[in-house]
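Below is one structure; the comments refer to it alone.
As written, the chains take the letters A, B and C, and residue 1 is the first residue of each chain.
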Amino acid sequence: MPVINSGFGSRRGAGNPRLPPGQTLVDDWPVLTAGLTPDIGTHEWTFTITTETGAEHGWDWNALQNVGVEDIITDIHCVTHWSKLDMAWRGVPLDRLFEDVETSCDYVMVRSDGGYTTNLPLADLLEGQAWIATEAEGVALTPEHGGPARLLVPHLYFWKSAKWVRGMRMMPSDEPGFWEQNGYHLRGDPWREERYW
Amino acid sequence: MTSPVRASWHVGRVASRRRETTSAVRLELDVPTWPGNPAGAHLDVRLTAPDGYQATRSYSVASSGPTTRVTLAVDELPSGEVSPYLVHQLADGDELEVHGPLGHYFVWTPTEPDRSPVQLIAGGSGVVPLFAMAVAREREADHADFRLLYSVRTPEDVFFAEELSALSKTVVDVVHTRRSPTGSPRPPGRLTPESFAEFVFPATSTPRIFVCGPTPFVETIAHWLLKLGHDPNRIRTERFGGSG
Amino acid sequence: MTHLDGNALAGLFADTLGIDITAAIGRCGSCHRVIELARAHAFVTAIGAVLRCEHCQGVLAVIVHKPREVLANLSGLAHIVIARL
């Protein structure tokens, strides 16, 4: 029976219909990390989609910009219970990057600088649901928040929006990435509170 | 305290609290089941909200030995979850869950056979475990020579100021980085590799070294120690930081 | 954010596994060096704690708190040696 510390936790609010279950609105933007922050310049950054046949589709920074960067306003929800609403982002839609990719696989393993991985169904990356994001809150993405570019998949818990994104590999089955191997849900839908296995 | 004791959960009660620095409080807890702790150990404090939400944070113990009176010094991190509660809301008589004693790496015990000099280097609130070591040394009639180098921003940021000035077995050097006390012969300023070398035992005396503070401070100091020729195996570090 | 060291995980390991990792020595499963776990790099945030080898940054251990259980993944450590109490 733990000791109850009355008066603790009263900063956490509830009752906002735009917040998924168990989430609290925050004003700041917490930084969570599992390793050292990579230091990659845009001049050396590349992003590659690799299919099950080994075919590679690659972009360097300029090529990514040329695909077309768009404005996004979206809510983000972290599995550690904080949410930010109406956040401004800029990024390239994954729909555009997958246009010429031929694959019969339904799942993707996303990989980042530093070795972080996360898995997703391809379906969650398409239909206007995901971007390679390069700016947040009006400025270029800082390294601590995943710069120069991160994946942005706001309809899933934010650990799926892999920082320092460098590539995606098509896979036939839903294999777990880093946090998914360590207790976190394979899909991570905040509206169904899919936090853990 | 001669042998490591298994950590377990205890319930403590606040026996006293007082302001320690502009941003920190000193808490004395009565923990009836506390088995005692070596100097330098820490404990985890776990808070539980009425709705069941929990948060846990680590704090170094400023006291040591076979006592059930556990002293903590908690620095408030403004965006923290636990430290603002401990600094502003925890009152005399309140109960607190603690887990410990923890940590047998970053400790000094008087039964330590090695009588080489001991160099303590503290950045800000990193002084807490090192203060515990200096106080433990104070209780021994005869043991290693102790020095404490303590880097703080201003005189109001010094933890345990009175106790530090009363130590007779540890030479204490306080370096103010932003503002010195009025009348101080030393102008404020950050430590440099040169000024640092004046305050620490030379490598030739093969001191055991304990460094504690924010990660950037610890890494800079460790780097300087290696450049001065100190043996990395005789340097122990504890980094403070995290979310508060 | 910068990292902490193995001392920061003392409570987690003591609580979950009953061992004092600050006194433990381990072999990194990636680079095979023998390391003092108190010196390893600890990245501790609300999503979980990750302990990495200070030399090769290989993941040594991951600890995640779920509502009613704790997951401890030690697969990055080839072995650990802990003094008997």
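Rule of thumb we're sticking to: a contact is a pair of C-beta atoms (placed from the backbone, for glycine too) under 8 Å apart; a residue touches a chain by one contact, two chains touch by 3 or more.
Since we're looking at a predicted model, the values are computed, not measured.
Trainee: As a test of whether you follow the contact definition, which chain pair has the most C-beta contact pairs?
Mentor: Of all chain pairs, the one joined by the most C-beta contacts is B-C.
Trainee: Closest chain to the protein CA centroid?
Mentor: Central chain is C.
Trainee: I'd like to verify one number: the distance from the centre of chain A to the centre of chain C, where each centre is the average of its C-alpha atoms, in whole angstrom.
Mentor: Chain centroid spacing, chain A to chain C, equals 26 Å.
Trainee: Using mean CA coordinates as chain centres, what's the chain A-chain B distance in Å?
Mentor: 39
Trainee: Which chain A residues sit where two or more other chains touch them?
Mentor: Expected reply: 30.
Trainee: Which residues of chain C are in contact with two or more other chains?
Mentor: Each of 1, 3, 45-46 in chain C touches at least two other chains.
Trainee: Out of chain B, which residues touch more than one other chain, so two or more?
Mentor: Correct list: 243.
Trainee: Spell out the residues on chain A that touch chain B in their complex, using ranges where they run on.
Mentor: 2-12, 28, 30
Trainee: Per the contact definition, I'd like the list of chain C residues that touch chain B in the complex.
Mentor: 1-8, 10-11, 14-15, 18, 20, 22-23, 36, 38-39, 44-46, 83, 85
Trainee: In the complex of these two chains, what residues of chain B are touching chain A?
Mentor: Contact set of chain B toward chain A: 11, 46-51, 53-55, 79, 81, 85, 89-90, 94-97, 243.
Trainee: Once bound in the complex, which stretches of chain A touch chain C?
Mentor: 30-37, 78-81, 114-115, 144, 159, 179, 181-184, 195-197
Trainee: In the complex formed with chain A, which residues of chain C make contact?
Mentor: 1, 3, 41, 43, 45-48, 50, 52, 57, 59, 62, 64, 66-67, 71, 73
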